[in-house]
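In what follows, subunit A forms one complex with subunit B and a second complex with subunit C.
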Partner chain A sequence: MQDTMMKRASELLADGTVVRVLGWKNGEFVYDPTPAVFDSAEALAQDFVYHDFCGSNLSKYLIELSRLEGKTLVFLKPCDSYSLNQLLTEHRIDREKVYIIGIPCDGKLDPDTVRSSAEGILSAVTEGDSVQVETMYGNVTLNKADCLLERCTVCKSHKVVVFDEMLGENGTVNPDSNRFDMVEKLEAMTPEERYEFWRGELSRCIRCNACRNVCPACSCEQCVFDSPTSGVSQKAAADSFEENMFHIIRAFHVAGRCTDCGECSRVCPQHIPLHLLNRKFIKDINTYYGEYQAGAEAGSRAPLVNFTMDDCEPNVIYKGGSK
Partner chain B sequence: MLRIGVFVCHCGTNIAGTVDVKAVAETLGKEPAVVFSTDYPYMCSEAGQNIIKDAIKEYQLEGVVVCSCSPRMHEATFRKAVAAAGLNPYMLEVANIREQCSWIHKDMAEGTAKAIVLGRTAVAKVQLNAPLTAGESPVVKRALVIGGGIAGIQTALDIAEAGYPVDIVEKEPTIGGKMTQIDKTFPTLDCSSCILTPKMVECAQNENITIYSYSEVEAVTGFVGNFSVKIRRKARFVDEDKCTGCGACTEKCPVKNAPDAYNLGLSNRHAAYIPFAQAIPNVAVLDKERCIKLTKGKCGLCSTVCSAGAIDYEQQDSFVEEKYGAIVAATGYNPINIDGYDEFAYSQSKDVVTSLEFERILKADGPTEGHLARLSDGKQPKTIVFVQCVGSRESGSAHGCGKEYCSKICCMYTAKHAMLCREKYPDTDVYVFYIDVRTPGKNYDEFYRRAVEQYGVHYIKGMVGKVAPQADGTLDVQASDLISNEQLHVKADMVVLAAAIEPDKSARPLATMLTASMDTNDFFTEAHAKLRPVESPTAGVFLSGVCQGPKDIPETVAQAGAAASKVIGLLAKDKLSCNPCVAHSNEMKCNGCSSCANVCPYGAITYEDKDFSRRKDGTMMRRVASVNEAVCQGCGACTVACPSGAMDLKGFATSQIMAEVDAICK
Partner chain C sequence: MKKVSRSSLDACFAAIAASQKLYLPVADGEKKRGAKYAPWFEGAVYSTAVNTVRSAKDFFFPQVEKMTRFKMDGKQIEVEDIRKENEDFVIFGVRACDAASFAILDSVYLSDPVDSFYQNRREHGLIMTMACGKPTETCFCSVFGIDAAEPAGDISCWMTEDTVYMQANTEKGEALLASLPMLEDAADDAAEETKAAIRQVLDKLPLKDLSTDAFGGDKLMKLFDSDKWNSLSEACLACGTCTFVCPTCQCYDIRDYDTGHGIERFRCWDSCMYSDFTLCAHGNTRTTQMQRFRQRFMHKLVYYPSNNNGTFGCVGCGRCLKSCPISMNIVKVMKTLGEGNE
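What follows is the complex of A and B.
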């Protein structure tokens, strides 16, 4: 796949369709590849990589890149394409300035899980259901299903929803992803249990802002947490709970716009399951306003900023009841 | 920090009865920035206002807090007072310590403590107030009346008479409404059609009135003085301009089994029809559910016989978009569906009818051509039982369709029905079962007394428990007589049920479009129950007829005229002063995501690409929101939809709200 992608990118650079390519290059280790911009075939040949650790979502980088002269080529996996659509809906990206190559995906590896079973990783190659990991200490074979990122275990869609061309075959939406199972478990808890669950999870937060910085929905020109006039920026927390409000406020800010790409949880160095907050919103929106997938199509009106006669009355939602 | 003055009102004992106003004034006087604090029995009085004006001058106040009644009552009064003393009128905040405090608390200590918190909150907010200046917006001198019954007709006529163009939107093929179906009107017993049809004709002839019949309001945007309304003109498959109303199509139409809505389904009509002889406009309609040509593609007889060439099977719904300065809701009512009342055997016997069906039986153009006759066998009934309050005044409705309110018109029309029966058919025995007889109104009680005393109608206090159809075609009416305390059985030939009335089903979606509020029974809410009975709380929306609450014809006409005069008063103005508390966008924070424009009910937000270059070599174009202040109504929907906090509301800034919350939590 990497070679096909590189070849196609070089062609598009050569014929002038695009002036730069947004892809991945390896970081310090093979399991921490990082988004990178390439402006020549030589640069691609030197650093461009694509393998099963390339989980990061490239969509958000296009906000800045689409403001530059010339078109940018981007490789989008299915979940990344939903984010791109959502950003198009919000007029954050100029579609004319982006050339999208869709790439199929059947799950990306969670580096932490792989590392827990294999130290000194040199490369990892997926073959069917297994992952062949080459390490400094010999080869290890792992079961792929055990090494996937959380979001890939409950993948909502294998379909690239926006592209100029596809490399390989496009997949389909997966309505039976069971991605709300954990939300349902949380809903079944008593308020006290749930409070304890979240206090436990959120207490690990070190406010590194990685979740916000990676989130394609968190693309405000000026984040409320950085705005000196907001009254919350640089404010000392009055108690330990106030610190947790960061995540609750962020979940509210992206409600209805979050595509469930799972980047927040992927990048969290403290392994806080932040995606659950967003999924609770998505599940509620589905329940109260009908099935809605943010980013499934560009230009769709999200239920929270749209009114229809069929919407349930606010008092029904306050009561948490059914329609 | 601004220099603030606090003025605490006693409102007689309304506030002072449950709030220690002296303590409130004293405590608030110690708040930082408060340089003057006092209390007075009636702040809204001339003397009270003078205290405020004098204090502004004497203490060089820069902000004023009045602790009094709801700002809906006297905010305007105090703004004027503040302005008269040279302050910007928007440097005033009203702390509502009456409706939100003294009236709902009984305990003095509790009420006082809360009043202090509310006052402190207003002090915190006024610190962040900024002087605002109101703009102006023009008034479109055209009115829309939704509903073409007697309420809508009267309102439209009065507005048109004053010289303003007015459009009537009526969902049925003809205007006229319920009054067209009624035989006689109480308390004078004059013929309903005879008094209504001249008004219908006047509507058709008045140059200022446009009738959109068979039409419905599809969408409403805008605000007082500047509404934009989209009207759906349903396809009637007849060209309104060509049709002469000759009736040839209706005679030749081979479909004869369509239930006639004008007769409440008691008789049938053709698929091509004119609702009734005096219909306005006098134009035929094709029933698209029944017409053979429209359903099966064959027939086409009506088109062959129409000499005017008016039949158009290809006609589609069309849309009219028009601007209006004012909108009047006159959507009227319907009797409730009484299928749930099994005990009255309504669905079992043809001889159990509703009062409106009984009107049709009595009326000359009804199913029995005005002869009092049973619908089952056409025989003249000898004993008729009227049952009052079917579905009205029902608390905790066991039937699921009953209403808690009194439908108001039933006592009078039942007296009328009883009287008409005895008048025309003196050999008829007439019983009326009632809970209470409620006949206040000019010449109303006299009318009812006449039914009892002159016409010998048997009024029995008590409810009917059961109506059982008998093998011989009669109806066994089982009831209780509460005065003689006994159970009765009446062998009746006919039973008439005074079904409760409810607002038309089109009212609720219309209210949503108009952002006009409704009560739990789907009646439109008036701006003030006593002092603004024909205005909706939504500016520029007025209420006419039963859509606001049950009322009879004279009351409806009076209210229709009142609504018209309010509309005329509005349309007579060239400009309206705008609310300066409108939204504005901070371009440095705006992402251009369109969330605000998506939620804006007024279409006040547009986008432009602006250059935010920070580099000299290149451009940095960003899409940012801008608010049309003349169109914005300050609802604040955008401020909560904005993900980046770029949208804020003047006079209700997020920082002000947060300051209020902080003050409450202090």
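What follows is the complex of A and C.
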């Protein structure tokens, strides 16, 4: 796939369709590619990579890149394409300035998981269902299924929802992803147990803001928490309650707009399962307003910013019970 | 040198914890979460993970700390000094890189004017280091002259299949070891074999030949003006992950918190990656992410060595290599800037 992508990107650069390419650049190790912009076939040939560790979602970078002169070519995995659609819906990206090539994805690897099973990694190659890892301390074979990013273990869709062209065959939406299983477990807890669970998780936060900064739904030019004049600017919590509030407020802020791309949990250095907050909102929206997937189509009106006569009464939600 | 069998290590922990707080690395839930420092408890399992996700600087320079309290009554302001003497504590299992980071933090916080909050914690803390039995691909402490087989600290430890060797390096360390009845005497060279084995592994680390030649206080303008910063920083998310997991990042901000009954002044970690870092009345001195990104690496590789006899402000722990959301880190920066600049 990598070679096909490079070839196509070089062609589009050569014929002037695009002036730059957004992709991934080879890292120091096999598992650490960095998102990068390439402006020539030579640059692509030198550093461009695409493999199972290219998990990062490139869509958010297009907010900046689509403001530049000329078109940007971007490679989007199914997940990333939902984010892009959502950003188009919010008028954050100029569609005319972006050339999208959809690429199929059968799950990306979680470097933290691979590293925790194989110390001293020198190389890692996916072969079918397994990952062959060469380490300083010997070779290790891992099951790919055990090394996937959380979002990939419950993949909601293999379908690239917005593209100018597809490389390879497009996939389909997966209605049986089981992505709400953990949310259901949390719902089944007593309020005290649930409170303990979240206090335990959120108290681990070091307030690095990686979750917020990577989030395609968090696209404010300046976050209220970073604004010295907002009155709520925070670099750290004055008490543990505030820390919880940061994440809960953020989840509310992206409710109905979060596509469940899972980047928040991928980047958290403390491995807090932040996606569960967002999924709770997604599940509730599905329950109370009918099935809705943010980013499935550009320009759709999200239930939380729309009104229909069929909407449930607010007190139904307030009670948190069944309709 | 002293020794204790690994089966008696728990008894050793219990004995230390009986007289003071003992912290040690333990697994932090599921495997991929790695290890964290936690207070010792009955049944705690010491994690031999090569490093904790958060660094040991947290013990001396916590993320948030209250500094003073103000109470207002009309035009009267009462300032309350809430500093108090810390209690003695021991940190077990600190790696050589983190142990070396304390010297860097000391050079900032213990030089005039002395930071009394930091100083108080340092004076009450006793550091037991552990040599790295299984360094990993992200380790590059040797590049900065740190020997993972010979970690510093009040007490250095080495672990074999069945034994832990302990060597006191300070009076404080000596006194602690003397207070532990389960320790037996060992020959002074008892850990030599372990050290040799560690050095063999260190010699195979993929980053061991990372060059620092292109960096240092005398390379300021050339590095500052490099056109490579743009591409290095282009994907930076402007989060604070690298700075917060870093054992040597030492910047903080001071903020006031309105409790409703008065003001609590606290300080908290700050990150040069943040848009309001060093914000002044006139605005900000660094207005782009490239400038903020450059600041972090210039500080570690140029400004700090310039002010500290050539010592670099990095200890090669590799945490930023593991934690950066976009996998940009000091190794990539050094390799890119170093190319053709040795």
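One rule holds in what follows: the second predicted complex is superposed on the first by the 311 of 323 C-alpha atoms of A that agree within 3 Å, B and C clash if a C-alpha of one lies under 4 Å from a C-alpha of the other, contacts with A are read in each partner's own complex, and residues count from 1 in each chain.
Here is the rule we go by: a residue touches a chain if its C-beta (ideal position, glycine included) is under 8 Å from a C-beta of that chain, and two chains touch if they have at least 3 such contacts.
The structure presented is a predicted model; accordingly, all values stated were derived computationally and were not measured.
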After the overlay on subunit A, what do you see for subunit B versus subunit C, clash or fit?
fit
State whether A:K144 touches subunit B only (first), subunit C only (second), both chains, or neither.
neither
Is A:V224 contacted by the first partner subunit B, the second partner subunit C, both or neither?
first
If we overlay the two complexes on their shared chain A, which of subunit B and subunit C does A:R20 touch? Say first, second, both or neither.
neither
Angle subunit B-subunit A-subunit C between C-alpha centres, in steps of 10 degrees?
120
In the superposed arrangement, which partner chain does A:G120 touch: subunit B (first), subunit C (second), both, or neither?
second
Touching A:E28 in the superposition: subunit B (first), subunit C (second), both, neither?
second
I want to verify the contact counts: of subunit B and subunit C, which reaches more residues of subunit A?
C
Once the shared chain is lined up, is A:M136 touching subunit B (first), subunit C (second), both, or neither of them?
second
Once the two structures sit on chain A together, report how near the CA atoms of subunit B get to those of subunit C, whole Å.
6
Shared contact residues on subunit A - subunit B and subunit C
222
Could you list, by residue number, the parts of subunit A that touch subunit C in their complex?
27-29, 32-37, 56, 61, 110-113, 115-117, 119-122, 135-137, 206-210, 212-214, 222, 226, 228, 233, 235-238, 266-267, 269-271
Residues of subunit A touching subunit B in their complex?
67, 69, 89-92, 217, 219-224, 227, 229-231, 253-254, 257, 301-302, 304-307, 309
Touching subunit A in the complex, subunit B uses residues 509, 512, 588-595, 598-599, 607, 618, 620-623, 641, 643-646, 655, 658
Can you tell me which positions in subunit C touch subunit A when the two form their complex?
28-34, 50, 53-54, 63-64, 134-138, 201, 204-207, 231, 234-235, 237-241, 243-245, 253, 255, 257, 264, 266, 268-271, 274-276, 279, 321-323, 325-329, 331-332, 335
